[in-house]
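Sharing a structure below in structure tokens format, with a few things to ask.
We just call them A, B, C and D in the order they show up, numbering each chain from 1.
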Amino acid sequence: MKQGLKIAVIGGGSSYTPELVEGFILHYKELPVRELWLVDIELGQRKLDIVGNLAKRMVEQAGLPIQIYLTTDRRQAIAGADFVSTQIRVGMLEARSRDESIPLKYGVIGQETTGPGGMMKALRTIPVILGICRDMEELAPDAWLLNFTNPAGMVTEAVLKYSTVKSIGLCNAPIGFIKQVSGKYNVAPDRIYAEFVGLNHLHWITRIDVEGEDKLDEMLADTASYSAKNVPAREWNPEFLQSLHALPTYYLKYFYMTDAMLAEQIESFKEGGNRAEVVKRVEKELFELYSDLELKEKPKQLEQRGGAFYSEAAVNLMRSLYNGTNDIQTLNVANRGTLDFLPDDASIEVNCVVTKTGPLPLPLTKIPSMVKGLIHAVKTYEQLAIDAAVTGDRNLAIQALAHHPLIPSVEVAIHLLDEMLEANRDYLPNFFV
Amino acid sequence: MKQGLKIAVIGGGSSYTPELVEGFILHYKELPVRELWLVDIELGQRKLDIVGNLAKRMVEQAGLPIQIYLTTDRRQAIAGADFVSTQIRVGMLEARSRDESIPLKYGVIGQETTGPGGMMKALRTIPVILGICRDMEELAPDAWLLNFTNPAGMVTEAVLKYSTVKSIGLCNAPIGFIKQVSGKYNVAPDRIYAEFVGLNHLHWITRIDVEGEDKLDEMLADTASYSAKNVPAREWNPEFLQSLHALPTYYLKYFYMTDAMLAEQIESFKEGGNRAEVVKRVEKELFELYSDLELKEKPKQLEQRGGAFYSEAAVNLMRSLYNGTNDIQTLNVANRGTLDFLPDDASIEVNCVVTKTGPLPLPLTKIPSMVKGLIHAVKTYEQLAIDAAVTGDRNLAIQALAHHPLIPSVEVAIHLLDEMLEANRDYLPNFFV
Amino acid sequence: MKQGLKIAVIGGGSSYTPELVEGFILHYKELPVRELWLVDIELGQRKLDIVGNLAKRMVEQAGLPIQIYLTTDRRQAIAGADFVSTQIRVGMLEARSRDESIPLKYGVIGQETTGPGGMMKALRTIPVILGICRDMEELAPDAWLLNFTNPAGMVTEAVLKYSTVKSIGLCNAPIGFIKQVSGKYNVAPDRIYAEFVGLNHLHWITRIDVEGEDKLDEMLADTASYSAKNVPAREWNPEFLQSLHALPTYYLKYFYMTDAMLAEQIESFKEGGNRAEVVKRVEKELFELYSDLELKEKPKQLEQRGGAFYSEAAVNLMRSLYNGTNDIQTLNVANRGTLDFLPDDASIEVNCVVTKTGPLPLPLTKIPSMVKGLIHAVKTYEQLAIDAAVTGDRNLAIQALAHHPLIPSVEVAIHLLDEMLEANRDYLPNFFV
Amino acid sequence: MKQGLKIAVIGGGSSYTPELVEGFILHYKELPVRELWLVDIELGQRKLDIVGNLAKRMVEQAGLPIQIYLTTDRRQAIAGADFVSTQIRVGMLEARSRDESIPLKYGVIGQETTGPGGMMKALRTIPVILGICRDMEELAPDAWLLNFTNPAGMVTEAVLKYSTVKSIGLCNAPIGFIKQVSGKYNVAPDRIYAEFVGLNHLHWITRIDVEGEDKLDEMLADTASYSAKNVPAREWNPEFLQSLHALPTYYLKYFYMTDAMLAEQIESFKEGGNRAEVVKRVEKELFELYSDLELKEKPKQLEQRGGAFYSEAAVNLMRSLYNGTNDIQTLNVANRGTLDFLPDDASIEVNCVVTKTGPLPLPLTKIPSMVKGLIHAVKTYEQLAIDAAVTGDRNLAIQALAHHPLIPSVEVAIHLLDEMLEANRDYLPNFFV
């Protein structure tokens, strides 16, 4: 390996960036970043400048020789990079707002990553990510693409299928869960082994070893505590969880409590708020903070943003790949037989040993028979939606939606899709030639 | 093989029996039935007598040496049998009526074989069928069990898993489809090759060769004609079918048109009718006819009963097993790798070559990627429901229902299940010890 | 389908051709051949003329409107064909003679299809067959390629992997076995169901139903009778067969009796004879017969040629494909999960239902655990040899041979290969550029 | 976990034991052994006393509170143990001597673990190990069985199939290889990642990362250095290895250089020596050393014994299981899809993450297509031999041997087996009832 690393962050003007920069500073010794390129689109120039300048102040304060570059020239940033990370939002928060609200009109869950909202996000995002991959194939063929962009599972699968770029998908939910257990039992994270079964935003935790002791039953009995900032807190039925003998991620509430979650969304929408609006306000405040020239470190308030630990997950992964530490991390990678009912090239969320040449998924010790059907149903939808995103084929998009477990009929699938396609016309060149 | 065959029909007092007897008469040469035992429970004695006497008149009229025995002693009927067929209805039409109506209260499809109604039927029926299997294991270990009893797929899988009896599940839908194509194109059934993909009451037809010519696209364009007596006729969206490139069985309307089918059921229920009530009236009329001592053949009216071709399917299968004809029939058998995402012991509905030692499933040439998730989701439910039926474990039954694609939440699953269990208490000794 | 069929026979000057012509005459009604093109290379012009003229006399005698064309223009023969069959021998009997003798010098079995001899035949033949496929892809993309050319399993797999042509491999061993059982028990062939497990020239028969009765044990007890003209008759150890509970093809003697078979080959070679020499004499006599202008039918002597039933197998297969008869034939086709330890695109020899759109392999009911390793070892060699044939990569050829179960060491593999490559230089353009 | 561990070593009188004791002393902190039970049979009492007393002196010298117990009462030693390790030799070195010499008479490789010699060792050993398992199932159901007894792969698979005991097989070859690379490149073992593909004593190394750099090609070019004390040093053909692109274990010389290895064995046998005789002499010397009351540590000479690193491997594994360290070790465990052509319950040798609840095998990144057949052929033999050991069925043993790649014919298999069975009569109660 050469002296120091070049890292390109696509969507570098994101409010998450200071956390990432903090990670690079804290772990400089094991991950000697020489150049950090923050890339954004022209519309994001202002944010990029604010965030980029904060990053520079942070590095200077730390006294480290990390060069920070701000650019809208993606190809320049990618050329020769060792790692490329993506944290983009095609269509920005306006698009998210539509993803969340349009489905509600049809009596369907409106959510950023799950259901029709997630599919629209995939249709907008996948072509952009594959464009980044084309640049990487040409300009940085040995680089790793670390993908944080949601829907992270589908985006990762699209790259696995339609690019030669080495890619890993990342989510903050697994690391967040480990942190939670770590706090609850007051032990170091590396003394916890939790087994995640399923897909991104559709996993079940089937094993929780804390210093070698099985704590799953204990955790199942304490479900109220298991929630997340961006999903309304409804309680799990404890008896149901106990016979399931697994802890579902909070996103699974959209499937296991569809009726109540939908009612809550509709109620909340009537009261004028959706998650996108809340995030907009938080972001506005963060950028005000970032603009303060006296600020030279990551502000505390960022932790309330919702995507906690994203950057920690990213820096951990880069460190392990760079050093070949063979430690275990929960990642979105190609299935290759781990879930034996899914194709080899399906992306799944699974514990991996991170070797120098990439992550090796660990076999699952317990797969609850109850959940195979739902995993397969959602994966079927994902496969169709990915192909729809790549081809711009409306019929495929209809098939995807019509086979999504949250959609009540082909009829609804067609009308809902058509309204959403129209509303996203500007971001769907594949569909509107 | 010995001289002539012994056949036991469990549920022999059924209104279907005359068709079966007609089949034995027509095919006596290739299937020399020596003894036909019609078995029923004591409550069914009257019907058994009516149907059994008609059967005797039919055989006499045909001049064939088939001995007909009427009995309520199942073990005597089974002992030494070559074939045992089951056409029972545990709880009779009253239970079916509840299966169809209770789910509607919870906003869920109420149907005899699909969804919670089908599950209740499975919970009542599987223990009885396994009781028959226990008798067969002891008294006729080499006999074939031909199972017509719904839900035929789940019942067959239960036997595969929990008995050593050789068993095949049968449905009239595939043979009915072949007849329809045969009529439409005016060709003999054996010049048609249709490929069925999926499970009982959950299949897609992906290939229709008529005298070697591919007629799938033509059939897909003509979907209005494709319906069935016991499912309300709603039209398929032709564009959807064309991009699916497969013809779904009419039972799939409960999944692809859930909202409209449910609305129709609720409407129809308000108007006082459900399918069970209609069937009750038809049955009453049939038994009046059967009682006429002048009647010596199967009456025309039986064909309107809904289960057309059941008996033809049964006689065909017995003939092929007896003679080892190696012809192709669509049957419910163990998967053994045919659908590579399902376990080997899952029952599937598939074309088979019927050899002397049993059916060999033919590999599928096309499996639409769109439908794998739904097949797996329903099979997951089926597996859980089968285990619930065998164990009487309410938690397993909740898991089954909560993971059924037509159920909107764990909450609904629990309440709906509890009401249905209570309503079926008399027929669920495993659950109410 | 159009009026009548066009059939191209590559290697049409073969001594087998009259049998094929007889088949077309006998089955004209179900397989209305309009044009029969016999193709050969220029070196084979004389044989082609002799055989072709006999064919014309046979057709004229039968009074059928089949046009016979003799040509050395392969492309003209292939253009628009419905079926193309290959029965070629690259390098002619001289090459076979070398295939059989060179290995003996190294203490290795010398045989036309098994071991190093078979590999050399594959290296010579596969590129020629793929050349035929290139023509078919261009000039007859819907035609079926029926391949009789040995090593038929490897040639078929090469076409499956390296061409889009629809291809089926054929061998006379299975049909020959059925004929033998048919004679032994005096029953029609279609009342026999024998299950073949394995590869071409490497199969085990695990089930023999005669009119529905299991005759395997009886046949195993009578092994002396089970032999073939082109493999010296050594007796199987009956106890070994009984615990194997399967009847191996006679080619398996090269693996199960390697020492004795080798000793016999060396002895026989010293006495001046190898199988190639015998065949040369027979062929010479046949062509003298064929030249007789009074001969207007297939001469009896052809049946002693060794390849009995090849043509019957071919005509049967064409008839079933043309008419979509859905009958069962034993063919070499893509594995697709039938032997679950081999890749999907491996060729295997297996019972198939022959549908209009091609053969569907039947699942195997019994796979003796004893034989999986040997099947896999030989298939591994076959895969490597096929790739060596296509690429001309000597290292791959060494890997193939070094991993063949009959080769005692890498050292022998290298030296034996080099001598054989050199001896076949004229027929291996891929290796000697 | 309770205070301190109880460890039972079956075959505790082995000359290896001092190394094991040294390991316990060195790693006492992470692996707090409270009781060490050395068990042997009565015939081994003298050795047990010598070794046991040395062990006591070693522990005393180290000042650690480890209690050492010497016993011939296996059940007492096993009761309540946390770990049971086996290092037994049924029939002692006399039996090994016969394993190595009898095959040579038939022109077959004579080796302790490979071929007929290994099979005889398996037939003698497996029933004894299963007896130990019966004791463990009853007296220490939660204990881990660490099996060092050869043939370790087959013994481990027998336990997987015929016992509920949690078992792991261990070999010193993988750790030895890592040590060798560690020495060659002067890096710590944990900075090396080598991927092992295959079975115990039948693996290929397909990847060697040293501090993240791929050194496979470099190692392949330096094959002369890759050998082992107990296999005569013949050189690999470098071109062959390079096109194989994997480093075979030295045991693979028996397959890749059969002719030369056999010649060498016969030569060496004529000269009066076989490996067993050499080992006998070494053992004699070691026990003389051990008897010296002044000796209070593991003597240097033990390292020349051949089984170097066995004990290090054992202590490493116990530490990781006890502490749940999730580090990577190369172990013999159930396949469960890792080699997708072998059954789930086949034992394979593979890198594993050692979690608290057991090893999780890591997926293989490269499986050379060349070696699948040989792996499967040897595994087929192993499966049959295991079943023969358990049942005492001579026919199964014949099938095992007849399908072993090193056996030239069924005839040789039968005669060789019969002589070996007879020679081992005293140790084969299953065969000689």
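Heads up, the rule we're going with is that a contact is a pair of C-beta atoms (placed from the backbone, for glycine too) under 8 Å apart; a residue touches a chain by one contact, two chains touch by 3 or more.
Since the structure is predicted, the reported quantities are computational estimates derived from the model, not experimental observations.
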For this session: Any chance you could name the chains that touch subunit C and subunit D both?
Result: none
For this session: With chain centres defined as mean CA positions, report which chain is farthest from subunit D.
Result: B
For this session: Averaging only over C-alpha atoms, locate the centres of subunit A and subunit D and give their separation in whole Å.
Result: 45
Exercise. When the C-alpha atoms of subunit A and subunit C are each averaged to a single point, how far apart are the two points in Å?
Worked result: 56
For this session: Please list all residues of subunit D that touch 2 or more other chains.
Result: none
Seminar exercise, completed: One finds touching chains in the pairs A-B, A-D, B-C, C-D
Exercise. Quick one: in the complex, what on subunit D touches subunit A?
Worked result: 1, 190-191, 193, 207, 209, 211-212, 214, 323-324, 326-328, 336-338, 340, 353, 355-357, 360-363, 365
Exercise. Quick one: in the complex, what on subunit D touches subunit C?
Worked result: 237, 239-240, 242-244, 256-260, 341-342, 369-374, 376-381, 383-384, 395-396, 398-399, 402-403, 405, 408-412, 414
